[in-house]
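Alright, structures below, take your time with them.
Next, two complexes with chain A in common: one pairs it with chain B, the other with chain C.
This part shows the complex of A and B:
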């Protein structure tokens, strides 16, 4: 037996059939496995690529990782159009169908609780970038300061630059905090992801807020409008919205999330930078 | 609803969710790939492929060849 079972998500049974041409990871069609009143969305993946050792090696291969992540997301995204899926972590793989069934049995209460909590909700991602990122690598130093004439000049310039940087940072923090307050007031829950490294995102500016908000589908339009309004509110900041996502960021411990957050707060962002 | 331009989702945004989110189930196969390890692997892969000149914000060492010892990894 060379096929393994890749599991994308767990859902409650839904009436609509999956799109016939919905392909998942490794190009195989996604299918449904019903068990105990729940549905696992699965596809077959080759053991040669998803066995433990192979998987570890593949995860270091950016192209493979990207393709797999996009395929995973493609399936989950398709599910969000027909139901509220409970997405699983990337690369959750089982030997065969019966192992998937055993897993469902072991966790069905947990799944049901999470599915109840997420039912009808989606996740929106909001990121804030401070444009005049003080952290830019050399090269494009804006308004290059004059060559210091003396040691004292040098120190003065340095202090001025440090102050400007500090002010930018404080302003960014205030803006991000205020925005986050407003958005979380309109959301049922939120998660603060660690700020993204600009080398990875290739976005300009310094990422000072990288948050996910859990919002009922029915209130999504308002939420999006709220984000939209903030976009030009303050110069020097860029607000980016992504979504709607399946509630990936809200699948943590059952029920309420107080205190279990990742701890990566707005405030933490400062530490990343200094 | 004007904000959402449906351009391709950025890989980092995807990985924020697929590697840090989603229900974690220890499947039959991914036994020992703990969250932290996984994220570190990926970020290292990303960083080195995005731009070799950009120093990694994480430990420069990639995964050791042998079984990883995650103990000293946490902060």
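This part shows the complex of A and C:
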């Protein structure tokens, strides 16, 4: 047996077989490694690509990173259909099966505690985008078609733009906070993530809320409906739902709701407007 | 983007997810275990994801008040430059405002 062991997730044994053709990173099929009443979901990856130096180089290649991330997420996603997996971070690689077993033994209590807490729960991602804010690139706002005739005009236009921007931001903040309050009331836990950058997400608009909610599967339908209902509430904002995800955002040690600090995912209104 | 009425079943794939959603989770979240192959994903994430793509729109985002990367040591020098540029613009504007208040005294200058 050559090659390294890539570990996707840890879960409890489950009855349903994995999809027959479940391929993981590097195109290799994912398999199960049972140990101490837990299951590591693994696949064999070539050392040439996943050894330390090679892996470092690969991870700097956005195309490789994207393909690997999607493959990783694909396996975790497939697991979510049959059990509640604890997803591991990308590129968790061991020498061989016995090293994976040692890892399980060292952390089994932690794994069990997390699995108990997350059992039957999924993560939903909710993002809010402010459309107008993004339609207003500095200096080329369509609202100010005329070239300023004088410094005074320039300033007037600039001030007007600044005020409009500030209003948009205040509205965005209010909307994001209100939505978050409603959603977190229906979720067991939440995490506020930093807003996403549009160059990476290729989404239009500016991301003002980027949150993850931990919701029991049994209540997911209601949660999805709740999000859907808020979509058209406020013109100028777009609400996006992703999921269900494995509970990626809730595998950290801080189990409480205030874990990541309030406001981390809600962009502050532009304070630069003096 | 989202299909209305999408139900928790089947869990085929996290629908509506873009690459940023996936990277955000697989790189930043999930259980962290030091495997036999030691990789500092923080470095990776900075270089490929944050630096290459986020810096491109730093000016716009900063203008909007989103500045979470400022606490990021790897990006802070860039962020500091931006801060200087912003301060510079602010000072220019204040100066222009003063000139506007007292048009007679300050020499006119194209903005």
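Keep this in mind: the second predicted complex is superposed on the first by the 245 of 274 C-alpha atoms of A that agree within 3 Å, B and C clash if a C-alpha of one lies under 4 Å from a C-alpha of the other, contacts with A are read in each partner's own complex, and residues count from 1 in each chain.
Here is the rule we use: a residue touches a chain if its C-beta (ideal position, glycine included) is under 8 Å from a C-beta of that chain, and two chains touch if they have at least 3 such contacts.
A quick note: this is a predicted structure, and the numbers were derived from the prediction, not measured.
Once the complexes are laid over each other on chain A, chain B and chain C cannot both fit and instead clash. By the document's definition of touching, neither partner reaches A:48: not chain B, not chain C. Applying the stated contact rule after C-alpha superposition, one finds that A:93 touches each of chain B and chain C.
Judged by the touch definition given at the top, the superposed model places A:56 against both chain B and chain C.
After superposition on the shared chain, chain A has more residues touched by C, the comparison being chain B against chain C.
Of the two partner chains, chain C is the only one that A:74 touches; chain B does not reach it. With both structures placed on the common chain, the touch criterion links A:151 to chain C but leaves chain B unconnected.
Touch criterion not met for A:185: it reaches neither chain B nor chain C.
In the superposition on chain A, contact is made by A:251 with both chain B and chain C.
Touched by chain B in one complex and by chain C in the other are residues 4, 7, 10, 50-52, 55-56, 59-62, 65-66, 69-70, 72-73, 86-95, 99, 103, 107, 114, 125, 193, 196-197, 199-202, 221, 224-225, 227-228, 241-243, 245, 248-249, 251, 272 of chain A. Residues 1-4, 9-25, 27-33, 35, 38, 41-47, 49-51, 54, 57, 62-63 of chain B are the ones touching chain A in the complex.
On the chain C side of its complex with chain A, the touching residues are 1-2, 4-8, 10-33, 35-39, 41, 44, 47-49, 52-54, 56-57, 59-61, 63-66, 68-69, 86, 90, 93-94, 96-97, 99-100, 108-111.
Those residues of chain A lying in contact with chain B across their complex are 4, 7, 10, 50-52, 55-56, 59-62, 65-66, 69-70, 72-73, 86-95, 99, 103, 107, 111, 114, 123, 125, 191, 193, 196-197, 199-202, 210, 212, 221, 224-225, 227-228, 231, 241-243, 245, 248-251, 262, 272. On the chain A side of its complex with chain C, the touching residues are 4, 7, 10, 50-52, 55-56, 59-62, 65-66, 69-70, 72-74, 77, 80-81, 86-95, 99, 103, 107, 114, 122, 125, 133, 137-138, 148, 151-152, 154-155, 158, 165, 169, 193-203, 206, 217, 220-221, 224-225, 227-228, 240-245, 248-249, 251-252, 264, 267-272, 274.
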